[in-house]
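The structures considered in this document are given below.
Shared between the two complexes below is subunit A, which has subunit B as its partner in the first and subunit C in the second.
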Partner chain A sequence: MSTVSWITARGLFGRRRFLLLLPLPVLLVLLAVLSRAFGVDPGEWGPPVLVGLGLAVVLPVVALIVGTGVLGAEIDDGTVVHILTKPLPRWQIVLPKLAVATGVTAVTVAVPLYVAGVLADSVGLGLALAAAAAVGALAYSALFVALSLLTRRPVLLGLVYVLIWEGLLANVVSGTKVLSIQQYVIALADRLAPTELLEAGVSVPVAAVMTALISVGFTVLAIDRLRSFSVAGETS
Partner chain B sequence: MSAISAERTAPATGRTASTLELAGVSRWYGNVVAVNDISMSLGPGVTGLLGPNGAGKTTLLHMMAGFLAPSRGAVTLDGRPTWRNPDVYRRLGLVSEREAVHTFLTAYEFVLASAKLHQLPDPTAAARRAIALVELEGAQDRRIGTYSKGMRQRARVAAALVHEPQVLLLDEPFNGMDPRQRLHMMELLHRLGDAGRTILFSSHILEEVEQVSGTVQVMVAGRLAASGDFRTIRRLMTNRPHVFAVHSTDDRALAVALMAEESVTGVELGRAGLTVRAGDYGAFTRALPKIALARGIRVRQLLPEDESLESVFSYLVEA
Partner chain C sequence: MPEPTGVIHDIGYQRYTGPRLGRRHVFGALYLHGLRTVFGLGRSAKAKIFPWLVVGIVTVVAAGLTAVRSQIGQVVMTYAQFADSMSWLVIFFVAVAAPELVSRDLRSGVLPLYFSRPLPRSDYPLAKLLALVTALWLLLGGPQLVMFLGAAFTTDAGMRGVWNELLDLLPGLLYAGLWAVVFASIGLLVASLTGKRAFAAGGIVAVFLMTTPVVGVLSIMPSQTINELALIASPSTLVQGVGLWALGDLLVEAGQNGFQIGGFGPVYAVAAVVLVTACVLLLLVRYRKVATR
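Up next is the complex of A and B:
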């Protein structure tokens, strides 16, 4: 493990905001278990719990908390200066942080989604949801890490993207689905384990290409922005 | 504006010394000019960057450390720009003013992480050496979150020194330190300077600079007001005209008597009393009681006016 990822992981788990990660995945599993226990038809509870909660809320919100935490929190409290005053090419700072963000998000979201998927349909669906969520975690993390460097309010802008763009506009204006990571995740999961429970809004090639473009594009952008990272003069 | 230049004596050193060069450096934010056309060259030894709060010291230090692009001019370390060039950190260390540390790490972990990030051949030894340099061995295994402000500062200095940089920049390093910690930090900076390193620290407190540094750069309102030997600048500061508000039982008679006093350069008689300008602070304050006593006048009030550091600095700009 590189020193940057070690410090990043320590910072992430050392902050109290990490506790914010727990309630949503727990809620997801709880709803799935209760629905199953009460014998509700998976066709009824599957879409709202798996997609409505799991892919539309838990995945992006966890990615937002973690993605803005790995770099944005360090920029906020100024500790980023310690890492930046080292003779490291900036990609050696961005990539480990992105890896930690993606890894933590993927594990936090994939496990409850797997459990819910198994309860709703089959192990196949559980694995498909987990794999697609891990891919989505990469795209979201790249976006939110880059946002930390593009704006001083990455959490707010991230929420606007998740809630307004993906949550609201994608349901009203279908064209916006092309720029919705949530839709890519649904399309990929549906391709891996086709069921009635998932309804893809974009084609699989579009989802694959856009996920790659977003992941690579925002990573490159983040590296470039970190090269020109400015500390605002506080006494001037 | 005049600049006082002084010969800089470079101490003998076996290492290759680094020079930090600023050429016509300005930085503005919108319409606000934070740093205005500053040129200086920093070589081995300790230099104090002195100026009141808001003079642009931090902005200047950030540009030196490669954390801010100059709006105009160039900042170079041994001929290479510091902006967008992470390679300069092999020879440059920064201790920023903001008390930002990874509070969840112990000092040893923190300094060791710095050593590893610098890709030093033996990070463990380097970390131990740096911690010993700031005398933090006793507390090195405690979380930094439990430290006092002075200890945190020392941990930060250790992390900045772990790769033995040729240039060390410190922004207000004495802020929040108690006298003992202050003394210790001053000794450390002295030692580093004597060993041939280029040390620059900023401060808004005259006495701090006096105790650590022979060479100063004085900044006022974004400009370089004076630079050179501290004693020369200190003399300029001490010999500037002082203004006193004096109130006595007979202001008019006192005014007449004071005009005969050599150290007095002007007296103004007002409703609230006298405004006295004196060229020599010590001579005037010693002469006043004698003059008053000789004429049977009782001095009810003697107040030095406008002794703020800002006024001292602005005097330097005008001098």
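Up next is the complex of A and C:
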């Protein structure tokens, strides 16, 4: 574990606001257990819990908070200068931070999704959801880490993407689903464990290729942006 | 204990001899400043991007609805339904505005300066809350006014048609007010907990979004009572529940029903009042002892 990833992890976990991440996964498991205990048909509670809460809210929101936190928080504080002035190639800064963001997001989201998936259908679905969520965590983290280098307000721009693009537009204009990470995750999970619960909006090859493209593309973009990064004071 | 021996020397600074305006003016100034902050007025162009993006979208939607209505003559959305369908944008707007109002002051540590004025502790959060409520009401009410104007000028029934339209508009504006009060109080409370605007925005969105699927799950539980009370679980559906009870036909047209609240209408109204009161009280408690962060 490199020093950069170590201080990134400490920066994430060492603050009280890390506790902000806990209620979302707990709620996911709680709802699944509750529905199971009341004997509701999984076909009915599966979609709202697994997709509506798990893949559409918990995954992007956790990825947003963590992904913009690993680099964006340091840029906000101005402490990013300390890392930038070390004789490190830029990719050795971006990649460990991305790895930490992906790891934390994947663990926080995949575990409750696995539990909910097992309760809803089978161990197979649980594993499929967990794996797809981990892949989605990588794509989201790459996107949000790059965003925190492209703009001073990464969280708001990320919210525009999550709320308006994925949430609002994907329901109205179905063409935007091709550019929605949420749809890729659903498609991948459905491919790994075909059930009635998940309804894919894009084909599996498209999902796989686009996820890879987004992950690699935004990582390269982030490295490139950090190469010519100018430390500016906060503007209003 | 020895007697205090300190002396304040007059070292010749000029005294302020103008009028001292007092509490009401401080409150008014804070309110006006808050309202301008929400929309980024008097700030750089960057601060205007996100608020005016939302304002632009809702206005375009309202204009589109008006155009469709005047061309086809069919009402796509009532005024109250318009507020409902914009809920995601309202959430986003709160996530933009609330941190600007309170988190900035926390982060830059200017609260001791505010509270050294003749300003009671409770006035600061209340002025900010009032500003946010007004802004949200304008956000939802403005487009409704656009829709009303469009409908009023294309009506066939003369003054009578305009009058009927106005009677439809007023409950819609009231309903928008309800949205504004509930969302502003929750959003401002969450934002006041952290000085980081980024985390405040994330927290607000998380609170609003994570409660919505709870409603979906509760409404399919095998108990009719739970189903009819399910809307209480999330702020946006709570508002809809109160609307269903108070407005009835205006919100849901006959034959088209998403949720049922049964006979629990008053419960929803009480729940909304309790929620808002609790949020405001917690906000006041929060500002009883706060300096930075």
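FYI, the second predicted complex is superposed on the first by the 232 of 236 C-alpha atoms of A that agree within 3 Å, B and C clash if a C-alpha of one lies under 4 Å from a C-alpha of the other, contacts with A are read in each partner's own complex, and residues count from 1 in each chain.
Assume a residue touches a chain if its C-beta (ideal position, glycine included) is under 8 Å from a C-beta of that chain, and two chains touch if they have at least 3 such contacts.
Treat the numbers as computed from the prediction; the structure is a model and nothing was measured.
Model built by superposing both complexes on subunit A: subunit B and subunit C fit together without a clash. Of the two partner chains, subunit B is the only one that A:4 touches; subunit C does not reach it. Of the two partner chains placed by superposition, only subunit B is touched by A:86; subunit C is not.
Of the two partner chains placed by the overlay, only subunit B lies in contact with A:14; subunit C stays clear of it. Within the superposed three-chain model, A:39 lies in touch with subunit C and out of touch with subunit B [touch as defined at top]. Subunit A is touched at more residues by one of its partners, and among subunit B and subunit C that partner is C. With the two structures brought together on chain A, the opening angle seen from the C-alpha centre of subunit A toward subunit B and subunit C is 80°, to the nearest 10. Smallest inter-chain Cα distance, subunit B versus subunit C, after superposition on the shared chain: 13 Å.
Shared interface residues of subunit A (contacting subunit B in one complex, subunit C in the other): 235-236. Put simply, subunit A touches subunit B in their complex at residues 3-4, 6-7, 10-11, 14, 77-79, 81-90, 227-231, 233-236. The touching residues of subunit C, counted against subunit A in their complex, run 43-44, 46-47, 50, 53, 88-89, 91-92, 95-96, 194, 196-199, 201-203, 205-206, 209-210, 212-214, 216-217, 220-222. Residues 27, 29, 32, 34-35, 53-59, 62, 65, 67-69, 84, 86-90, 92-94, 96-98, 100-105, 113-114, 116-119, 159-160, 222 of subunit B are the ones that touch subunit A when the two sit in their complex.
Chain contact summary for the complex, subunit A toward subunit C: residues 17, 20, 23-24, 27, 31, 34-35, 38-40, 44-45, 48-49, 52-53, 57-58, 61, 64-65, 68-69, 72-73, 76, 152-156, 159-160, 162-164, 167-168, 235-236.
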